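Next come two complexes built around chain A: one with chain B, the other with chain C.
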Partner chain A sequence: MSTARPLSGEPAIDVADLRRTYRTTTGTLRRHRLEIEAVRGVTLRVEPGELFGLLGPNGAGKTTIIRVLCTLLLPTSGQVRVLGMDVVERPRDVRRQIGYVFGGDRGLYDRLSALDNLRYFADLYALEPRMQRKRINEVLDLVGLQGRGTERVEGFSRGMRQRLHLARGLLHDPPVLFFDEPTIGVDPVGAREVRQVVADLARAGKTILLTTHYMFEADSLCDRIAVIAQGQIVAEGTPQQLKAGVTARTVVEIEAYGVPEQTVARIRELPEVEAVTIEVRDQAQLLTVQASEGSQLTGRLLQLLEGVRVERIAAREPTLEDAYVALVTAG
Partner chain B sequence: MSAVTVQRANRTGNFWRIFFVGGLISYRALFYWITPWQYIPTMLAAPLFQILFFVYLGRATGVGSTTFFVVGNSIQICSMSGIYGMTMALANERQFQTLSPILATPANRIALFLGRGLPVLVSGLQTTAFGFLVSALILNFRPSPKALPELALTVLVSTASCTGFGMALGSLGLRARDIWLTANIAYFAMLLLCGVEVPLHQLPGVLQVVAHVLPLTHGIAAGRLLASGHHLGAAWPYIWEELGIGVAWAVIAFLLFRYFEREGRRTGSFDRL
Partner chain C sequence: MSLVQFNRTLYRSGPAALSWPRQVRAGWWYQLKMQAQSGFVVMVSLVQPLIFASIAMADQQAGNRTLPLLYYALGAGIMGIWSTVVFGCGGALSWQRHQGMLEPLVMVPAPLVVVLLGITLGTASVGLYSMGATLLWGWLVFGAHIHLVDPLAFVLAAVVMIVALGLLGLVMGSSFVLYRNADALSNALEYPVWLVCGLVVPLSLLPGWTHYLAYILAPTWGIESMRSAALGGDPWVAMLWCVVASLVYLGLGIVLVGNVERLARAHATLNFQ
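This part shows the complex of A and B:
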């Protein structure tokens, strides 16, 4: 079942000018129609055997793209092909060749054992009954759930559930895998194990599309990354290429207490400032200010922060995270 | 990545596996009242009290015979499974957010859908058989032994028909936010409209029309004829009508399921609660 390949030279995943709009209504008596453009003209190609990352903040459109690719959503416009098959015209053929693994702890039958969850999906994916048991044991081993198969899923930790999602997606040994934030909410050790399985699958030649908003995850796993913001791809390349895009920047980190919103707004208005992010750490705030290369910012920032208790201010080298922040906050 | 060679099952064999094995697994996964301490009070005790209540009310007020109320209520209680069980078997996929993973599989939709009806049908038969059995034991309900197989056939057809109706409600649950309200209304409306407690001819004309397209109405009429000593020939037209209505509801249910599947892909409503 894992032998399906696109025609020579054809990408495994081919998305051309994909648009997806959701229509919804609000209000009880006076209904108002709302249109939300979740994906706005996305084009991407993933080559066979490639591990491609779709990186973006919540609501950027990552899950929508994956759901279109998994045939669970129809595109509003554009063309989407998996292994050369159109997801709108040949959904059943596409479903045979893909595995879909999503994040979170829902989407499993809690009252059933892990084995029964997998048995059910083994039938839904039309696995030959005589080899189902072997294959189920194999995927349970692969995701580190050996010996836990007979336990009910309701007693599983979030990490175990995530690994069961993974096992389910791999059951029919599909050549193309979609991972939608597979480590979300999983503890660091569990997340590292999930990442290891993803890396092993990529080494085994699977084509993988992974969505995440964890920078290091994309950096450590992906051959190529597309950064998506507000439904559009704002950058695409290898992790190194994306980092290179911000090396010509100055990054200043400020640890301070009680920075007023007006002060942050005034920092943003400085002509050389490209992006400002604020992270709350206990009582303190960590402001990360990105500015054009060579900017002499420190003095001006301290002026603007007059009256605010500043614990630390330092310039540092830009990272992939800075590249990401710059990309998703631009415009 | 796989040491085990993953082979695909043949199409027909897989269809029946999804129908029988898959249907049973999904029933165990989605039916709320499956444990004995939930099943016995909900699927056996509560329906039994319904039978007792109406039989004693009938006896006290003299508005109907024991046979009238026993047959009506014993057949109607199969809808505990047919309505609620079937709604759970379909609508809970959305509640548990397992609908997307299922619909992302290439599984045959007819097997996936209809297979869920079989355990529900068996459970409904069990409830109705229990109702008749206890009625025979404590309410002095005594149909002729010759009528028993014919009565069993009527119960089978009626339960299947009610399961078809439940499938339609369950399919609505793939889209509607609160299908349980509808299921509750359907259960109690059937008490009134299907001739369970009130003879059909005493209902207003509009309600009689509604009663004729609902499941159980004709099955209950056939059951009463058989239990009161009529020949199967007299009951056949009702049994056929009941079967026809059941098939019609099952077809409507499947069409609704496919429609909501397509709508879900169009609107993205599968996992929206």
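This part shows the complex of A and C:
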């Protein structure tokens, strides 16, 4: 048995100046070497029992950080420790103490039953053979898959697969858990159940690092959040602290049809406008405009949107999502 | 619950190595279970060997070959086992990567070599389909006389050869972990090994330099021991060489997989993207 007990006061997850570069080539006849710096000097600490969120757009480096922590990638430089153990020097000891739950369809044996998937990993995690059946039933029960264990995974819905991922990650009862977008593609009811399990695990004292695109998920679950953009942490704090960063802003939402790109560009050019995002909702577009506090924007926005069918325009309180947008679009 | 008060009673007590046989057996069993349900694997291990067995046995019946039909049925069976190993080890590991399984498998505390050994042994075992099919085909269609001179030695020789091929698959599998497209190599490895190991034509017909290659490849000794056990002769020396080759493959596999795991983590080749 590895000595996994961290020294008193030591963080459960300790990342210091982590850098990770991917090398690739492009071109067919003339091959060019390309270096992509996915993570650029990330430093973070997650305290024991904390639920820490990592937020960032696609390609920001979240999954790379989790993969380094899970011993699946070597850092290019920097130091990464889990429960005081270096992930480069002691990967096998780290692996006993961590569980990795990732989102998506992959990562399970489709031709095997849920039970067989778990039995195989119970053996690979060297669980005591006499305890395996009991533990497998426990985790199936925990994720709400009791009674479905003998069914082949290929017949499982996305939500059921996600719950099986979760069951596998919990099989060896690790003290540290990594969740990489665990609710992605899961229906709202299934996602709520997954979130409930994550919250229960946090209450049970597990240390959890979670990446998600869903702000309300991070807001409702996480004790602290780090926002990552282009491989660097651009903000870190509690959800309230991050929201406080944008409370001194005015946020205007416009639901409209067929807003031309030039109009959006002209809105962006307004001196008081800090950020503009566009979300397509069926036929309509939802423009969210963030501007400096006290800006009287509505009239000017309507002027710029002349000739465009505007369904709704309203100012509202800034949310964590606004904070996130402001952080990842800044600079 | 404190930070590391995870349920230690869940873990098997004693040195980690005590769990390795069970981990290899689990990998072997679940791999076998999955591959046996794969239509593609069944096709590779059945159709091709049956075609080759039919050609060789028809040729023998036409008077162009002098050895008993069983000789050719066995050769074709081992060709099928080898095909299953090369496609299986390459395909299985690429498939694991494609399914997103390579990362969860690397992430377990068990050494990667133990995990891969179970997979490659399971893959090689599926090749037994080929042996059974060619023997049955020879008996049913060509009236081959399936009389094994030493059945016990034959079964032992088959088991030793399956293990040897599984271990050879482990050596090859290490490159499949490192390079995403290494399974393309499996196509190139199929026919040369058939030839060099004397599965298609007797070794004595091949140029002398190929014999050195043949001696380091387990199928050469595997077919030799199985044919001797089935048709008469001393199967034990060839079987011993098969065991020696297996041990060499195991040693190579342990060294290669350990290094390859580190390189794969450095080059980020464990995932599908």
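One rule holds in what follows: the second predicted complex is superposed on the first by the 326 of 331 C-alpha atoms of A that agree within 3 Å, B and C clash if a C-alpha of one lies under 4 Å from a C-alpha of the other, contacts with A are read in each partner's own complex, and residues count from 1 in each chain.
One rule holds for everything that comes next: contacts are C-beta pairs under 8 Å (C-beta built on N, C-alpha and C of every residue); 3 or more make two chains touch, one makes a residue touch a chain.
Note that the structure is a prediction, hence the values are computed from the model and not measured.
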{"item": "Side-by-side fit of chain B and chain C on chain A, or clash", "value": "clash"}
{"item": "First (chain B), second (chain C), both or neither touched by A:D200", "value": "first"}
{"item": "Which superposed partner A:L83 touches (first chain B, second chain C, both, neither)", "value": "second"}
{"item": "A:P48 touches, of chain B and chain C: first, second, both or neither?", "value": "second"}
{"item": "First (chain B), second (chain C), both or neither touched by A:R31", "value": "neither"}
{"item": "First (chain B), second (chain C), both or neither touched by A:P175", "value": "second"}
{"item": "First, second, both or neither for A:A12, with chain B first and chain C second", "value": "second"}
{"item": "Common interface residues of chain A - those touching chain B in one complex and chain C in the other", "value": "1, 22-23, 67, 70-74, 92-93, 95-96, 98, 100, 102, 106-112, 116, 119-121, 123-129, 131, 135, 168, 172-173, 204-206"}
{"item": "Residue ranges of chain A in contact with chain C within the complex", "value": "1, 4-6, 12, 22-23, 48-49, 67, 70-74, 83, 92-93, 95-98, 100, 102, 104, 106-112, 116, 119-121, 123-129, 131, 135, 168, 172-175, 204-207"}
{"item": "Complex interface listing, chain A residues touching chain B", "value": "1-2, 22-23, 64, 67, 70-74, 92-93, 95-96, 98, 100, 102, 106-112, 116, 119-121, 123-129, 131, 134-135, 138, 142, 168, 170, 172-173, 200-201, 204-206"}
{"item": "Contact set on chain B toward chain A in their complex", "value": "1-9, 11, 13-14, 17-18, 21-22, 25-26, 28-30, 34, 96-98, 100-107, 112, 264-268, 270"}
{"item": "Complex contact set, residues of chain C against chain A", "value": "1-13, 16, 19, 22-23, 26-27, 30, 33-34, 37-38, 98-101, 103-111, 115, 262, 265-268, 270-272"}
